[in-house]
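The two complexes that follow have chain A in common; it is paired with chain B in the first and with chain C in the second.
Moving on, here comes the complex of A and B:
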């Protein structure tokens, strides 16, 4: 179910899990558009030469995945603030899940608070954070 | 290291200013790569076409630290990013980003002492209206044995 107004939102509601595209081609596309096309993000060998386990998904791309999940759930919503902590690397070409849960609802301001996580296949949290989201009411 | 002295000398003083041009193709590629499906982020012909909110996090200052800031020994890593949006970021509307050191604090974790630095970039449109704020947190972990 997509969310169109604040009364649609339930406390504790889990947003539909989103599986992001972490392929090297997609990360290169992102890194070029964002102006972050350094070799640690676009080349596995170059990243390994830096002592990393492989090319990294930029932290701001993980943040973008989290925002996309929110917009898929509530297409007309507006993210007022998103705050993310990069706990551990997110590696290119590896599978991750993007998830969120509603932790607060303010009917007066029509905003919700959402806890956000990026987990790897082992269920380990790599990125976590919170978002304040205004749920737009259709005119 | 005297954190209070560093705060007194460096906090809340702009040390960098950059102008950013926002290109529509870059916005579309940024949005699609992140998995956005809303046309206001992916279709330049949409009447409300704008950058996804996290686009604010992609802007980089010309220098990482204020001039004269002492080198803190240890291993530095990005610790996080935060973006706050007051108004949409729109292609074709250049933004001026002014950066200051917003906070410095210490924590002690299982791996030892850590220094956190928070750089804040405030983004303004050509009318001087603040559009967004982007925070970058850097953690410097003291190397083991030091």
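Moving on, here comes the complex of A and C:
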């Protein structure tokens, strides 16, 4: 179900889980477009040479995934803030799931707060944060 | 009684959870805890009064702190004005010995948290600094643990004879209650929590799936 107005939202509602495309090709495309095409984002071997476990998904790309998940759930919403804490690297070519859940609703300002979590296959949190999203009632 | 002994609110620099939302979440999702302890980073939140919130949601809400030492991060339960004067909670280079001694002098309990974590966990520093004196309890279940961090903590606790607690280390609402600690009797305030920890009769729990 997609969300069109604030009254559609319930406290504790879970957004559909989002599986991001963290393939090297996709990350390369993003990094190049964003001007972040350094080898740590585009080349596993070069990243390992820097002491990293593999090529990294850029933080701004992870934030983009979070925004994409929110807009799939509430296409007409406006994301006012995505506030992330990066606890561990998100590695290219590894599977992740992104989940979101509504943890606050303010009907007066027509905003909701969403907890966001990026987990790896072992269920470990790599990135967490919150988003403030405005879901205006259609005129 | 089950308490999540390690949580952060928006009072912590990396905390994103409002305390009322923790309460609402626990009740809405029927999280199997009876309360939680706010352990804000490098400070003690003396000003916030959560008593009405605790009453409204029938939850025990207590306050403690998480300080930083050369052995990593340490939860401090039983913070008093006298303890706040004993060392600078905001100092990120506190000597653990000083924290332990101050806790002993002022009736508080120090508990190294996520001790299996690189850099900020105790196990990473035992080789360099030796086994610290005065530690009886460590956190063996941490809701934010990755890789083998909890296993490393449990192995260390077994080898050194430490007791273990559990805490979610929640920084966002939906992470509260992932790990917790079960006590045999009721706990209604900080003094009772300190007494229960000193009685050394508790069990670390994890609800992580």
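Following the convention adopted for this analysis, the second predicted complex is superposed on the first by the 138 of 139 C-alpha atoms of A that agree within 3 Å, B and C clash if a C-alpha of one lies under 4 Å from a C-alpha of the other, contacts with A are read in each partner's own complex, and residues count from 1 in each chain.
Throughout what follows, a residue touches a chain if its C-beta (ideal position, glycine included) is under 8 Å from a C-beta of that chain, and two chains touch if they have at least 3 such contacts.
Fair warning: this is a prediction, and the values are worked out from it, not measured in the lab.
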Considering only touches as defined above, state whether A:17 meets chain B (first), chain C (second), both or neither. neither
Per the contact definition in the header, classify A:129: touching chain B only (first), chain C only (second), both, or neither. both
Touched partner set for A:83, first chain B, second chain C, both or neither: both
Of the two partner chains, chain B (first) and chain C (second), which one does A:113 touch, if any: first, second, both, or neither? second
Contact breadth on chain A, by residue count: chain C or chain B: B
Contacts of A:101 with chain B and chain C, given as first, second, both or neither: second
Classify the contacts of A:30 with the two partner chains as first (chain B alone), second (chain C alone), both, or neither. first
Jot down the residues of chain A that show up as touching in both complexes, chain B in one and chain C in the other. 83, 85, 129
Tell me, which parts of chain C touch chain A in their complex? 14, 16-18, 21, 24-25, 28-29, 144-147, 171-175, 208-209
Footprint of chain A on chain B - complex, ascending: 25-38, 41, 52-55, 57-58, 60, 77-85, 135, 137
Contact set on chain A toward chain B in their complex: 18, 20-21, 26-27, 29-30, 32-36, 59-61, 63-69, 71-72, 75, 78-86, 129
List the residues on chain A that touch chain C in their complex, please. 11-12, 83, 85, 87-88, 101, 103-104, 113, 115-117, 122-125, 128-130
